[in-house]
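See the structures that follow.
Two complexes come next, and they have one chain in common, chain A, joined by chain B in the first and chain C in the second.
On to the complex of A and B.
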């Protein structure tokens, strides 16, 4: 019997091709649109996380316990004795989820040039390693990034440069309190000026090589404050951070923090944004559901007469309902496949090329401390895709069931009188 | 003429001959419009909220400052006191007064703040407490103590919680602020700068938290007169005068009026789009995002209409056949179908407007609470208000209603054509 039912359903779908086509279009187009929106929204979220962490912060940071957020000079990894830096880096990089690692030293100081001075944050990095985890090097607008040719070169932000009145090649003096309590000061040359769009960096950061900052702060080469980590998949940040903390703690007391902990402001904004997009997506979903529901209801209601005929020639009401549900299910599945087929090139384009939102601005901008480009890339969000598919298919089935059930209640003669 | 009237009458009766079908269609169209209005309201509301918060953490909707300050951000560039009084006087006049919410003169400089624990570079903002309350959001974000109370030189200092934590300061703690006197550009003293350094003992009277690291870790607020004394600024000079308007849309108007008023003075009058280019760009992105979302939702609503109308025509072939057999001409049949569609659209749009505007009104007054999205464990500070208030202008409403109406009308021409072309013997065939 069920074989017959399938055959009947199949023939019915082909009997009135236009009706089938219209219903399919409603579901398929609605689904393609939902795919498009879900992809863009996931992309926005991912881009914010990515951009928020890739500039200076990095995705995971390893510190000595108590170092963050006060950044006390003395609290280096491994305490006053320091640690074997390269062994530690190697041990972190041994985790296969880790993409790259880089050591860092921080300090505060007073930068002076000519008549003016400003309080600045000093960051010491090893440029070959640092460029693998952050992208500050790509933000240099004048001069170059740190390089081995100028060991005592520094890179500063454009706002700091204009406030203090210094240019590329200027000499500056950095004054700071060193780890041993003495005052450290030395002369450096500005080799690069960068513009990130983040005020804290553009106005207050001085980037220099790890070893020269260690010299200035009177720190031994084995003493570093932080290890920055980049992962292969940023979504795993919190899990990897927890695992690393357990593993590293066996040899050294450490605190490992992932980006949501390091930048609660960013995590907060992403949550907010996520909330807005969830609400929007829900509204879009409702629009699609109404379209599908309406089309399906009408398509089945207009067939009341046909169902009366079927019942008149001996089909039981339950069989009629079964027939309609089979048709609806087949139609829904086929439409979703068509919708997904339409959507795939769109999703592919979004992920690869992105959507250009402001060719005119062409500049980097920052939102809540996150630099966002003007290109908006999509990102695949398969859970949203499948939820939308299930939702639309369920809508189609329920909307077919109601008029079918109503028709099945009627006596065949009544049903056949309906036009 | 009677023919047209008759056709209209038939159209109207046709609509109610199948009330279920009509209501279903009206509901689909109406819900589409309602959802369009709701999403537009939420998107525009979010947009306006971002502008409002953004300018209130910065220099307001319109700012008056010394010429060249925006580019150089050099603290030595000051506004003479008479410019400040001109601006304040001008804003008291007639129409302008009604569209301005607050005016706050501010003196900005950098300094070094030290406590027994540590020291940090800070951004000093000297304000008239009462005036700044009307412009800035900081006074509303106090977590401990109070905002500056009087314009008294001995009053305290208000700092951000990040700075308080870094310097280990509490309410009532004392801190030393070291500053360098501001020199007008061009005047070189020739002596070493040491003699111009000044340090003052301040008492923390309030701590705020905005959630923005750059503000919480850097900004300190002092009464204007105290800041002027500390920085060696005489004659009531300030860095800028920040204006907050009732409506963002008036910014260019106010800026233009002020520019005219201040012609000849060495000042620049900037709207927030110029003083906060970053914010303007973010909003540009936001705008583009909204456009895309509007486009998608319109396409979906349009497709819904198309489907519904096509479906209706499909199921009425028999009826059109009968009408034709009774002698209705193709043109008359077409007019009848279009008339029906228009009436149906009108009903749907009314339904949609009532529904959409009431939900929109609810979101505009009570707001849409997004807090359930926030995971527990995140710090409570919010840069963004977690309650989203919908905002929908009349222009937007008219715009969306007309677009939906136009779509429905254009789409209804297809079934009209189809109806006119009904092939008689074929259509009358019983299924």
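On to the complex of A and C.
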């Protein structure tokens, strides 16, 4: 019987091709639209998290307790005695979820060039290690990143360079209050100028080698302020941070923070974006549902006469309902396949090429203190895709069920008299 | 009738005017004395010109550090040069008008210091760079009121409370100045934050007569938020109104 039902449903679908195609188009188009929205929203969240963490911050930071956010010079890891930095890095890297680690030192100072000076934040990094966890090196627009050939080289932001009138190769003096209270000062050469689009970095950051910043600040080699961590999967950041804190605290007091804690404004934005996505998705879903419901209802009501005929020649009402639902299910599945087929090139395009937001100006767009870039890339969000598919299929079935049930209630003579 | 009335009125007016003027004159005299005293405190260690040898001791959780400095002043120009310890020796600050410059022997550079940095610690001490080289414009920026008169310990003192004028660009909520009634020499100075809490206090002691002027030669600065640390300044030698060559306050001399 069910084999016959399937055969009958199949034939019915092909009997009025135009009706079938209109219904299919409604479902397929709705599905493709939902795929598009879900992909873009997931992409925006991903891009913001990536850019927010990869530029300078890193995904997880390890500090001495109380160091963050005031960044007091004296509060180095392991206190005033410092710690065995390489052993500590090795111990963090021993976690298999950790991809790369890098030590960092921070300070504040006065950058003074020939005519002008400006207050700056000093960041000391080991370039080979730092480039594995952040992407600042790829933001250099003039000159090079920090390199061993110029031990006293610094990389500064383009806005800082233009405000105080310095260029590549300029000599600058950095003046700071060193750890012992004395005036730390030395001459450095600008080896690179970077542009990130993030004002705080472009205007206020001076990047230099870890050891030369330690010299400037009169900090012993064992004294660092921070270990930046990159994970294999950023989604695990908070879990790994908590685990690391427990493990590292056995040897020295530490505070381990994942990016949502380090950049609460970013975490809030991501949460906000999630909320917006749900609402937006729901609206698009409603539009799709109404379209599907309308075409389904019309398609089934249209056939009331036909169902009356079927019942008159002996088909039971439940069989009629079964037939209609089988047709609807077949139609939905076929439509979703078509929708996905239409959507895949679109999703692929979004993921690979992105949407160009900046247009002709090429200006970068920054949201919630994070550079998004002028290209908006999509990212595949399969849970949203499957939810949309299930939702649309269910809508198709439910909207077929109502007219089917109505048709099954009618007496065959009445049903046959309907237009 | 109307005429007499008028005359009565006139007499009354003249009388009250007279009384008012007398009150104002005596008030002005008080004001003048207060201003002079406060000005004297503000320029305690400078006079027309001065040359001083100073030892600064910084006590904090890292232990103790000593700095020796020479300070020249002439009018609104001040030059401070570190003479000890050896690794800091030669570091100098030159203040001319509102400009403050650092000379850094290690980098062999002269760096102009922005006003914001002049309010930060000098060499990790509890004194700021401004404390060292700038005479505060106390009488220009603050309204002076007498808040206490009597004995503190066994010394008879006056105590003035200086509240900032609305337009003054100053960092303190108020400054309390305590000085000896006998010679107007300061004994204690308290700096209060905007919240009215004592932020730091400067205690003066070991009074000596130098070039005919009585000055405290031992100063202790204690910041309220740094219980474990304080900074002392000892004037080992100071001479006032001595001739100073104009070239002393020049960049070439600073770099020497």
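A few remarks follow.
Operating definition for what follows: the second predicted complex is superposed on the first by the 411 of 419 C-alpha atoms of A that agree within 3 Å, B and C clash if a C-alpha of one lies under 4 Å from a C-alpha of the other, contacts with A are read in each partner's own complex, and residues count from 1 in each chain.
Keep in mind that, in the parts below, a residue touches a chain if its C-beta (ideal position, glycine included) is under 8 Å from a C-beta of that chain, and two chains touch if they have at least 3 such contacts.
Being a predicted model, the structure only gives us computed values, none of them experimental.
Overlap between chain B and chain C is detected when the two structures are superposed via chain A.
Applying the stated contact rule after C-alpha superposition, one finds that A:355 touches chain B and leaves chain C untouched. Shared-chain residue A:119: touches chain B and chain C both. In the superposition on chain A, contact is made by A:18 with chain B only, not with chain C. In the overlay built on the shared chain, the residue A:186 is in contact with chain C alone; chain B does not reach it. Contact with chain C, but none with chain B, is seen for A:175 once the two complexes are overlaid on the shared chain. More residues of chain A are in touch with B than with the other of chain B and chain C.
Using the contact criterion defined above for the overlaid structures, shared-chain residue A:200 touches chain B, although it does not reach chain C.
When the two structures are aligned on the shared chain, A:276 is found in touch with chain B, with no touch to chain C.
Only one of the stretches 81-89, 189-197, 297-305 or 315-323 belonging to chain B overlaps chain C in the superposed arrangement, and that stretch is 189-197. Under the contact criterion defined above, the residues of chain A that touch both chain B in one complex and chain C in the other are 110, 117, 119. The residues of chain C lying in touch with chain A in their complex are 58, 60, 62, 65, 87-88, 91, 102, 104, 106-109, 111-114, 116-117, 120-121, 123-125. Here chain A touches chain B in the complex through residues 18-19, 22-23, 25-26, 29-30, 33, 36-37, 40, 44, 69-70, 108, 110, 115, 117-120, 159, 162-163, 197, 199-200, 204, 260, 264-265, 267-269, 271-272, 274-276, 278-280, 283-284, 286-288, 290-291, 293-295, 297-299, 301-302, 305-306, 309, 355, 357-358, 361, 363, 365-369, 372, 374, 376, 419, going by the rule given at the top.
If you check the complex, the residues on chain A that touch chain C are 80, 110, 112, 117, 119, 173, 175, 177, 180-183, 185-187.
Remark: chain B residues 20-21, 24-25, 27-28, 31-32, 35, 38-39, 42-43, 46, 72-74, 110, 112, 119-121, 165-166, 180, 193, 211-214, 278, 281-282, 284-285, 288-289, 292-293, 296-297, 299-301, 303-304, 307-308, 310-312, 314-315, 318-319, 368, 370, 373-375, 378-379, 381-384, 386, 388, 431 touch chain A in the complex.
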